[in-house]
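Letters are used for the chains, namely A, B, C and D, taken in the order the chains are written, and counting of residues starts over at 1 for each.
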Amino acid sequence: MLPYHTPLTVAQLRALAIPAPWAFGQTDRTRFGEIDALNHVNNTAYLRWFESLRLPYLKSRQVSDYGPEGPRLVLAEIGCRFLAEMGINQDYVVTARTRTFRTSSFVMDYAVWAMDAGEPEAPAILTAEAHAGIVLRTQDGDSKFPIPDAARRLFAELDGAEAL
Amino acid sequence: MLPYHTPLTVAQLRALAIPAPWAFGQTDRTRFGEIDALNHVNNTAYLRWFESLRLPYLKSRQVSDYGPEGPRLVLAEIGCRFLAEMGINQDYVVTARTRTFRTSSFVMDYAVWAMDAGEPEAPAILTAEAHAGIVLRTQDGDSKFPIPDAARRLFAELDGAEAL
Amino acid sequence: MLPYHTPLTVAQLRALAIPAPWAFGQTDRTRFGEIDALNHVNNTAYLRWFESLRLPYLKSRQVSDYGPEGPRLVLAEIGCRFLAEMGINQDYVVTARTRTFRTSSFVMDYAVWAMDAGEPEAPAILTAEAHAGIVLRTQDGDSKFPIPDAARRLFAELDGAEAL
Amino acid sequence: MLPYHTPLTVAQLRALAIPAPWAFGQTDRTRFGEIDALNHVNNTAYLRWFESLRLPYLKSRQVSDYGPEGPRLVLAEIGCRFLAEMGINQDYVVTARTRTFRTSSFVMDYAVWAMDAGEPEAPAILTAEAHAGIVLRTQDGDSKFPIPDAARRLFAELDGAEAL
């Protein structure tokens, strides 16, 4: 069984058949309140999962320390394709990476991988693919905030992200 | 003041400077629970609004009567661009239309228009643009369900939708 | 049809058979996202409704202008009895009043009244009764904040609240 | 570090200074979407936690196997006292037990215990106390459903619940 709420190692991701270049992911479990009247996980729940993972991801890539001097993250765009329905009490991994980046903006990819509770060694099943366009701005919102150099390096090194 | 939770007439939409081909929309107001820790309406709230509007829209276009013989609606894909942040107790119109349709699937567009509480005559401001790809399936999920002829006609007549 | 999102007059409340001493209420409609996997409005949705109504209510009773000098409202306790299940697209009125107050704290009552869409003249049906214990504190949270005199007067005059 | 989403042993609960008669609890972590505009965990999130824990608890006490022959659980009443505010990314344990039971209804208690991330050995802090009144009914809702004998025994043995 994989730990919940804890960044997985690349080895743990690969053991679930989650391929490169995914290098950041966390495990959680679907809950009653995420199921809608059609008896499946509601589409907004996936976006909540991406949002929740975004915070530890951006810290790990040193985009922001979430302190008063840090940038304000503005979500400019999201997209999500739903590939398989999910039910209650299902374990899943959400993965995140940065695909491309510019001076003050970047595009992240996300994926959801359902785990087979009965067979912990079984490959995880891709249930959703998504992306988000994010812009960094100063806290007052007046101007753009450049992506820190450390983050640009980590985007490239850890995620294989491309500078545009 | 426009009525909430009630389909607006085309004349009401145009009076807010919401242009053709938008022909279906409803008014609502942002609430405390939609505001997130960053003090703006959370991105998932917009998707809830599209979902809520989808039901009366699809009834109006005769896609489904939501009875036991009707199709099951499967959300295959969503996308949303956020153009301006929204705050609490803000009146807004959500508009919906079908852009294109095939035998058993169609692509809907959505938009969110913030209204100026102080100046009810002022043009509404576009704060988000979105789309959704929807597939009709039989209730057992086993096969595709063709879009009813009446719905194909209404998609074309009322929304200017294109048959692909 | 009653207006949504707008404080109702006492005459409008009484016309729905909502009895004295209820004197503050607003109308809204249940939405898809409030329905849970058991196909009824989820219990947390009711608490969201009370929270949403609390803001205009407290403004009307001059407890807070929600400015930087105003008090911080701390929810100390809630309770709710569910009397009848509710479904999707159901119109309802939420009512609020203050039952008792002390120097810096007060107890509010809430009720939910389902309206009969087919018969707008029919009496509304009580579906939930609730209360909340609220404490006013200074913005820094360090000390209690006394209920303003104007609010104490309005609690007594408009709601029949009892000073303890 | 305690495992998330997994029933804790009584020894694990006591090690966190969670006293008898609490005998059932699970660990989780607060998330971004549970924080409201006042920058604390919203009151409805606590009720979601109790709801989520209710399902594995009731299975463990053999009240329902959640199959088609099982009872329908009707939430008749809830109450919650909030003792300390909670923030983002805070680990917590939710505990549940049955306090009293009758033929077809029972009263459950819940508590939330915040864990100190820096000091895993530190006693957990009680942040909320709650209860819920639950009634078992047949699936058609027409009549009451008696609590199974096995559940009555487990309520008494594991939770120290009192038969009324």
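Couple of notes before you dig in:
Going forward, a residue touches a chain if its C-beta (ideal position, glycine included) is under 8 Å from a C-beta of that chain, and two chains touch if they have at least 3 such contacts.
Quick caveat: nothing in here was measured; it's all calculated off a predicted structure.
Taking each chain's centre as the mean of its CA atoms, C is the chain most distant from subunit A. Annotation: 27 Å between the Cα-based centres of subunit C and subunit D. Centre-to-centre separation between subunit A and subunit C, using Cα means, comes to 38 Å. Counting only residues that touch two or more partner chains, subunit A has 32-33, 44, 48, 51, 88. If you draw each protein chain as a dot and join the dots that touch, every dot ends up joined to every other dot.
The part of subunit B that touches subunit C in the complex is made up of residues 3-5, 28-29, 31-33, 48, 51-52, 55, 88-89.
Listing the residues of subunit D that touch subunit B in their complex gives 32-33, 35-37, 39, 42, 44, 88. Residue ranges on subunit B touching subunit A, taken from their complex, read 38, 43-44, 47-48, 51, 72, 74-82.
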